[in-house]
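Note that chain A is present in both complexes that follow, paired respectively with chain B and with chain C.
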Partner chain A sequence: MRTHSIAVLATVLITGGLARSASIVGAAPPRPPGAAGTISGKVTYTGTPPKMKPIDMAKEPNCVTQHAGAPVLTENVVTGPGNTLRWVLVYISAGDQGSAPATETVRLDQKGCQYIPHVLVLQPNQPLDIYNDDPHSHNIHPLAKLNPEWNRSQPAGAPPIHTKWEQPEFIPVKCNVHPWMHGWHLVVTTSHYALTGEDGAFTLSGLPPGKYTVTAWQEQFGAQSQDVTISGSETKPVNFVFKATPY
Partner chain B sequence: MKSNTRLVALLSGLGVLLCAAGANSARAQTSHIGNLTGHAAPGSKLYQRYCVGCHGADGDGAGENAPWIDPKPRDFTLAVFKCRSTPTGTLPTDEDVFNAMTRGFVTTNMPQWLPLTRQNRADLVAYIKSFSPKWKTLKPGTPITIPAEPRLTIESILHGRQLYQKMECWKCHGPKGHADGPSAATLTDNKDLPIRPYDFESGSRFMCGVTNQDLYKIFMTGLDGTPMPSFADNLEPAGAWDLVHFLRTLQPFDTPEAALWKAWLASHAGELKPIGPGGGGGGGGGGGR
Partner chain C sequence: MGKLFAVVLTIITVVATAIFVMRVWWLPADISVHGPWIDHQLMETMLSSGILFVVSQLALALFVWKSGDRREGRKIKIFPGGAVPMVVLATVLVGAEILALTFVGSKVWASIYQTPPDPNSLAIDVQAEQFAFYFRYPGADGKFGGIHPELMNEASQNFFGLDPAHDTAARDDIVVPTLAIPVNRPVLLTLRAKDVNHAFYVPELRIQQDFVPGLVIPLHFTATQPGKYEIVCTQLCGLGHYNMRAYVEVMPQEQFDQWLKQQAAQQ
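Up next, the complex of A and B:
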């Protein structure tokens, strides 16, 4: 009895491990032809979100000049009309039936002492080019834990840094010279993802019939998940509501 | 009742499996320092005696002394190391970890471990490598190439000074190397804890070694986990040596660099533009390249 359980457990553990490494490699089986469904909806909040504060860039006079008249606001919670939330990643966290590896290059700019975009989403091994468009130095310091953490200086006029992330991970990125510069590199294995704009809307399309877990992640409010079943070429409405606190 | 027995069997099975996996990974790690081979098993015993108080039983830097220590003890589970001969974002060589342990970290609570034998230290390196799976999945980086140090000239120092301005070293280390640049006060490490830039005027030893080669390595590899980035993408070896020569003039020592610099300054001080915002770092002729 006992031996049997151990054997079963060992099999489960080993197969689990294999399955995981296969998904990291990202070998995608061809998508079955026929019906494909869509999941779409909105991300909103209840409660009182923190007010975004103007950033004092006095340490870097050039960046003050670049934003003259309209100081940049912090971006950790960006809201829109109708209590919508921007910069939320919505993605298939379980049930993905195979995503092709992404090959187009993702671009990150350091401009006016800001990361543009504030949040970028990529798949493992997708090429990432990092540009410094400012007339002064930045150091780019992704605080990765599963992936290697690195820290590189990029002076004015330096060529772009060509890089990539191999493991799925949500990586905070900062510039030590300009402590207000914060961004995120969200590495997900699935190609079914969306990043909300100011209207909080998202659409995940091309989903073959099956059971899915959809997760919404916001840098300050954390993650929420919902299970959704797609049975044909239908559009399933799914909404996420985060509870916002001012601090 | 029956289902209870099954649950117990399952859980103990899991325990056995996990223990086996843990013991294997610890035992399997070795280190290679020159002709020495270090082993994790004896390293584990040494660790329990000498290191656990600060670095913790799990190697996460949360030992019982940690709350009273600043900077905090290294968290070996992240496998991020300051003093490396390898590029930023790569694992150090075994020798790098061995040297760091031997040298200790000046201005921190990490002492020199010279009282331990070389074999002891090699065994500890092997054991430290059992705390992160990265030591199994990744290979250490290839050590950077450091060309022979060129002859010291005033042109070399002047060009190094221009680079100190251009690479914006002064933003943290200060226009005169006093660790008082505009960004110095807000620096944080990879655990969001405050950290200070090196103060050249203090004359304290560099954290990662005392030679000119060590200094070259520090800014060409970066001190991973800290705000100090790697400048390897944008500094040529010749320029890097010039920067080394200039940095030595910021320290309060009678080095050849300082002597040459003082002699030159005696008749040329007025030609220098101050380093800092809008500063040129130029002047003095012959500095450009």
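Up next, the complex of A and C:
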């Protein structure tokens, strides 16, 4: 009886201790109210970027019809007015003080023989639904290296593919049926990220005081990083300039 | 039962022959200079094998009609010497027919595939990959840029692996997914495969040629009729094989020049 009581007491003490240390490790540090900073800026280029070429989808007449009058252009380098760059991921690559796991489902569409969006950003284990909105088959093939690589055929009218990525990785995605279809799944651990639009602008908000490394990644031009210190509720301007070459 | 089988055999023979004689499912009209030789050879093959087919099927029907029903006490007749000489005779007869057709047919095939192309041919590069064809024209300088497989990149439409940054000949190369050719002008295609075996088949051009990875295969022909024709892959090359196709557009020379200019502007 006495031995039993000691065992129970020991279990309670050990479990309690573990729970306490887990709470110390896992919990985000208390954020002083109103002390969240912001990093914002623009991504631009110098030099001559490659031409955005019209994609001829002649072998898939339905997709030609869907884009009649305005052919889809290549998306590996998409520029905007004022030398801005689109589809650039800007994210906190170091110094993030802990991000809650993302639970909302991200959606990828295959429509008009194009991946929409071209670049998809998500966090590890975030649910991803892949839809085929075209009246013909697609075969989605993410060329993952750290995560398991797979390719799945998705005929017209097939239900969405429910999947997720477990490891952070930048994964090129192609369609095995339509060689011109190309996209990216960017899996990042931080919740502080932004994808630039045509104006090249980005904003990373809600950053507690601290030292951060901000990285901008573009699929053809690679990555650039800058160190930024946030000391209070301030907005730090950070701009990225990529050197573009036509080929 | 034997007589019923004989009747069914006869019906099958008559219907099958009628389908060919009435040309129910026939080849599309030929649009190439060499096409008549192929069609002539095809007709000879069909005629000789067709006659053999009809004679053998009707003979079978006749024997089944006469001897199909077993009657008590009647001795079963066998081929003189038994089954072995019968099989040997059949093999020799069929083999002789196939050899004769191959011998005659290979002359026609060689006269198309083994002859040198016209020196004034329009040179076009063809790249087959899962599951599309791409065509390359040399551009204003008349020279093709070098091919670097490690530079192949679908995202930037660099299907041939060109290196325009270092190779000036590659800068004006025109890469398109549709094959446009001028009518009545000899064309020399150079076939390359990026991944697995594919085939270039245009029934109207009476041309069918495999792509083999690692081999550079020349193919030449002259189209005689303007129009738009389908190019299909006839080697099972993977999941999307059913969808691997492109089009060949045969057009007058002036229209072709205009088309090429338009494509060059979009590169």
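By definition in this document, the second predicted complex is superposed on the first by the 213 of 247 C-alpha atoms of A that agree within 3 Å, B and C clash if a C-alpha of one lies under 4 Å from a C-alpha of the other, contacts with A are read in each partner's own complex, and residues count from 1 in each chain.
Following the convention adopted for this analysis, a residue touches a chain if its C-beta (ideal position, glycine included) is under 8 Å from a C-beta of that chain, and two chains touch if they have at least 3 such contacts.
A quick note: this is a predicted structure, and the numbers were derived from the prediction, not measured.
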| item | value |
| --- | --- |
| Which of chain B and chain C A:219 touches, first, second, both or neither | second |
| Partner chain in contact with A:64 - chain B first, chain C second, else both or neither | neither |
| Touching partner for A:176 - first (chain B), second (chain C), both, neither | both |
| Which of chain B and chain C A:241 touches, first, second, both or neither | neither |
| Partner chain(s) touched by A:161 [first = chain B, second = chain C, both, neither] | first |
| Contacts of A:76 with chain B and chain C, given as first, second, both or neither | second |
| First (chain B), second (chain C), both or neither touched by A:139 | both |
| Touching partner for A:55 - first (chain B), second (chain C), both, neither | second |
| Set intersection of chain A contacts, chain C complex versus chain B complex | 59, 136-137, 139, 153, 176-179 |
| Partner chain A, residues of chain B touching it in the complex | 5-6, 9-10, 12-14, 16-17, 78, 80, 88-90, 134, 138, 166-168, 171-172, 182-183, 186-188, 190, 222, 224-234, 277 |
| Of chain A, residues touching chain B in the complex | 1-2, 5-6, 9-10, 13, 59, 61, 136-137, 139-141, 143, 145, 148-155, 158-159, 161, 176-179 |
| Chain A partner contacts - residues on chain C that touch it in the complex | 129-133, 154-157, 159, 163-165, 176-178, 238-240, 243-247, 266-267 |
| Complex contacts: residues of chain A adjacent to chain C | 50-51, 53-60, 74-76, 136-137, 139, 153, 172, 174, 176-180, 182, 219-220, 245-247 |
